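Common to both upcoming complexes is chain A, partnered first by chain B, then by chain C.
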Partner chain A sequence: MKEGFRQSMAWLHTWSGLLVGWVLFMVFAAGTASYFKDEITFWMKPELHAAAARTEVPPVQAAEGAVAYLQQHGAGSPRWFINLPTERQPSTDVLYLATPGATTTSAASGDKPRRRFDRASLDPATGEALSAPRVTRGGEFFYRLHFDLHYMPALWARWIVGFCAMFMLVAIFSGIVTHKRIFKDFFTFRPKKGQRSWLDAHNVTAVLALPYHLMITYTGLVTLMFMYMPWSPQVAYKDRGGEQAFFSEVFPGGGRDQVKASGNRVPLAPIAPMMARASAHWNGAAVGRVTVHQPNDANAVVALTRAEGPQLSYDKPSMLFNGTTGALIGAYGDVPKPAAETRGVLYGLHIARFGDPLLRALFFLSGLAGCLMVATGLLLWAVKERQKFAKTLKQGGRIGFGLRLVDGLNLGAIAGLPVAMASFFWANRLLPVGMAERGEAEIRWFFIVWGAAAVLGLLRPTLRMWQAQLAAGALLFVLLPVLNALTGPAPLTVSLRAGPSAVAGFDLVVIALGLGLAGAVWIVERKRRKSMAAKPQAEKKPPSSPQQPSSTLAPSGQGS
Partner chain B sequence: MDSSLLSLVFAASLAGFCALSLAMDRHSEDVYGRGSTPGPWRRWLQLGGAVLLCLSLGASLRAAGSAAGWVLWLGALTAAALSTVGLLSYAPRRFHWIAFAATAVALCSLLLSLLSPSSASVTP
Partner chain C sequence: MTAGVRHRLGVASRAVAAIAGGYGVAALSSVVLALCLPAVFGMARSEATMTGLLASFAIFALAVMWVFAARTALRAWFGLAVVAVVLGSLLLLLMRTTGAAA
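Showing the complex of A and B:
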């Protein structure tokens, strides 16, 4: 090995980036969308748009309404979860374990060990169930896709994503070493200069959002660290009950402990005094979630968890109350241990639930830069590799299999994913509201479209195909507000003036994304004209060749 | 969050990066034409840029608290730097006017946030 350190790092950067790049692009895009998953879910339930303009309801009233609803519908259930309304999520969402006695429906799917939950969205003011919105996974789909992928066991998916994230971390560090002129080229972007422009775009999107890229990759690994590296708690807690004991010690009051029913029916104590006490204990911070274990039993326990606040840490303090007397059992997580707090902050930074809309918009922007960084890196490899075939191509030869494969995968991943994401939203509004397995059907459309885009891309990785897919993505995104106007009660003209602002924001962002994609179409068109003009000199080009999109990349570009 | 502090965060980081980029020969040429260098201004541009970025940090720590403030600052820096690159590439003729405007906005909002008593209270 005579190579210098920097050359070997360049090699490492190239291959660690390329091998996992397509998965990383999807992970970046889905994760970026997840910063606004509540807003996306809300947009995908147009039935709720009209109700959202209501005034705010005190959390106590919402909680009492939810308890009244649950007493009616889930009195025999072993556990209730009440998520109180927030600014981002205007309805009270209740979730309760299906009553064990009346498991006619859950027995049908009894082969699954999973327990069945019933859920409902309530009007916080009245406690009545809202007119059931359409069934959709909403933004939750992107959130899960981000680390659980789909159509495979979540555990495998997390290992795959973790593996890719580890490669990403390697690629970032080796990229920092490889990039000789971080500060000299800090602001440098030279458009219309072929490979030079791609490298500039890759450098700019990587360097300018570097704090974000480093943070998001590292904290992403931290979120699942107990899965990737379970050995130290396993060894340390070997004699004390293993990992479960570790978890209940590190995250006390997390509701992991099972509460056994006594069988004696005792009415549930009123919830308002408990909430007042918890709020006072947390210096006025609101209660976000109410969990009732064994409601209406002598052993009932009520767990209150603080609402998400501006704190960076994701771990939230909780308080437990006796469910029959209302007496305080204990307060947990008020002063977390340094190690738990460190993890909580790293976790919190990754998912950015602490942020107000402005901060999350900045995360979103950096996430887009991440998408562009991965995309330009992948394209750069193809552009560089193609130069090796320049001579062969001139003589009418063919490009190698590897390059053709990368070309096709690039097309399917980078241009196809936005089309698939947009189709997911279109399916949400166009599929019949009452159809069975509706949530899964929307997701199926996402994968059908993405699969078709990938197959087409692999079959014909040409500039024409890039254009077609980017244009399809642009059209589908730009027309989403029109679709929303036709199928929902809050078109942009209404939502901009009177809210709900989440719907207006969604519409504006998809228009911007669509325009970015349209810009990319235009760039490819310019490139195509250039290569058409150059074609008479090299007549015998094979039909599937001239994909070297070496022109500029719009600063707001192909990510989604 | 206080709006004058927020505009200070963004305007100061944009102005800071504009100044830092103008202190470099390549971007000075982008903006003022071939062959022009910042000359004796280089040090002042660098110093001014650094001061503006520090100002932006101070404002964001004040606007969002000492924890989320760092996150806000880094996010604002990323957004401002991306805008600077875009302006240099696609609007080099208007670049120095935009830089002046950003500096002016930064100074005005600095004055505003110093004068108005409401900014003294840190939003938790």
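Showing the complex of A and C:
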């Protein structure tokens, strides 16, 4: 469309990146946090920190305890889900469809009163409900925010996020094509050179983690591809009833087929022999999840799914047992087919639950690089655009509406989001423990703070405002370990020596993030001083005046 | 029509071509792959469907790049139309031969 191929791709890269950049920044940030969502949730429930490191309980014992609990509280429920404890998630979590007709029983640690599910966290050793910790969405909030957004139906949100992800994919493809010297850019950084430095910073963060960016964007689309592209399953399986036939062929034993109750009460067969058999079948790998369809009914079916292991694929093999006799119905997913396995691996790569903490930390760093790539890209646009107004500004004119809008959105998104995320953690510790709708209240604070930051940014997109918001984020993050020490039983002094290591890790990471933000404040300060010095003396404006418009050529700020 | 207006209209037209046309071509290609891979390579139906789905986003992105790389907006639309017609006829042919459609 422009003169040459490379120019038109550069144009495409600029606009596909800019138009959805602010959503992408949030998606990247929330997704990056989600790598440690279990640890975040744990940090947000300080009531659980004091419990001395439990001795590991064999999965069979945990499962039997959970079944006993469910027989007591949900014997008439049509379906039970039991998630057995893991290293990262030390309690047994049960989830059961509410008994039809009965009113909701004591929902122990429910997040928000959700549909018809009751939940409880159990001590794996005793099968007793844990003393209910405070109600919080925890890291699950960031995980959901990452693709379901908030305050809107999940379906719309997923289409919006998918739309933005597609823009991102186009931006990456066209960005690669635009580069003449992708390998050299790898090693190029020229600091303190204005626009050139922003371009270099964008290139370094983008190219350094390019395989990651490409992988995470494509695999993100793959996680929801059945929703985005429903046509081929519908057409290819038209003769057998469409999509559902496709799913039951690809995910046999996946529990998508409803098990109907017979109405005859028959006691549930013991679970231990089934688990032993499954474990042996999977060469000793543990069972991770137990699903019981129609417990205590003649048609009961028990589905066992293998625990998450070091395997890349998200699809895990499962075995089905007759719930009354304990007889094996079938084993599924032992020999995955190539394309199905490819999808499973792509899905698994996106959520990275296979990794040990170090590997997930590397994913986390790559995610941060992604945030920086998006942020520097957005700022680069503003810097370039500002140069078009250099003359107008010198003559005392104003910048255009588009640039002003981008400046404001950049500020609210890039500098405001860390403040909002930190506020979410502060709300978690400061809101009264017993308040109603507590989980939602924490989330409300996240959005109140982010909204305020965005409004302030749009009203006054100055370097001073950048500094104020970055500094607020830095302070709130750096002081989180202090808040934890004051409101929880495991301050850094304790957690570093005796655990829990997840709490220590959280505290250390937020300190690092806070210091990073403080560094950004310092960079903006240098920029501000330089632009003030460059201002002609004739203007004679008091340097501390709050009306100070953002400097002529200096770009506004730097990402977190 | 001034050059500025013409340019803006061209960009708007390309944006529609990229988003709607690109999605159409990607969706069509996923269906064609789902039907033709079993017919040509004897691949299992579920595997072919999965392959088509996995490839569709790359095809989408390439279609978008084509739309903005083409010399004029008209050419961009024309290119998409040619691909769509080819895929569409293949699809009709496959549906008839495999008997997926009555």
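Everything below uses one rule, namely that the second predicted complex is superposed on the first by the 520 of 560 C-alpha atoms of A that agree within 3 Å, B and C clash if a C-alpha of one lies under 4 Å from a C-alpha of the other, contacts with A are read in each partner's own complex, and residues count from 1 in each chain.
By definition in this document, a contact is a pair of C-beta atoms (placed from the backbone, for glycine too) under 8 Å apart; a residue touches a chain by one contact, two chains touch by 3 or more.
The structure presented is a predicted model; accordingly, all values stated were derived computationally and were not measured.
Three-chain overlay on chain A, with chain B and chain C fitting side by side and no clash.
In the superposed model, A:G127 makes contact with neither chain B nor chain C. In the superposed model, A:F226 lies in contact with chain C only, and not with chain B. Touch criterion met: A:S366 reaches chain B, while chain C stays clear of it.
Using the contact criterion defined above for the overlaid structures, shared-chain residue A:S8 touches chain C, although it does not reach chain B. Vectors from the Cα centre of chain A to those of chain B and chain C enclose 90° in the overlay, to the nearest 10.
Look at A:F354: by the touch rule set out above, it reaches chain B but stays clear of chain C. When the shared chain is aligned, chain B comes close enough to touch A:Y212, but chain C does not.
Chain A is touched at more residues by one of its partners, and among chain B and chain C that partner is C. Contacts of A:G31 after superposition: neither chain B nor chain C is touched. After overlaying the two complexes on the shared chain, residue contacts for A:G377 are found with neither chain B nor chain C. The overlay of the two complexes leaves chain B and chain C separated by a minimum Cα distance of 19 Å. Within the complex formed with chain A, the residues of chain C that make contact are 10-11, 14, 26-27, 30-31, 33-35, 44-54, 56-58, 60-62, 64-65, 68-73, 95, 99-101.
Looking at the complex, you find that chain A touches chain B at residues 184, 186-191, 204, 208-209, 211-212, 310-312, 349, 354-356, 358-359, 362-363, 365-366, 369, 555. On chain A, the positions that touch chain C within their shared complex are 1, 5, 8-9, 11-12, 16, 166, 169-170, 173-174, 177, 218, 221-222, 225-226, 229, 231-233, 235-239, 246, 249-250, 337-340, 342-343, 346.
Chain B makes touch with chain A in their complex at residues 1, 6, 17, 20-21, 24, 26-27, 64-65, 67-68, 71-72, 74-79, 81-82, 84-86, 88-90, 123-124.
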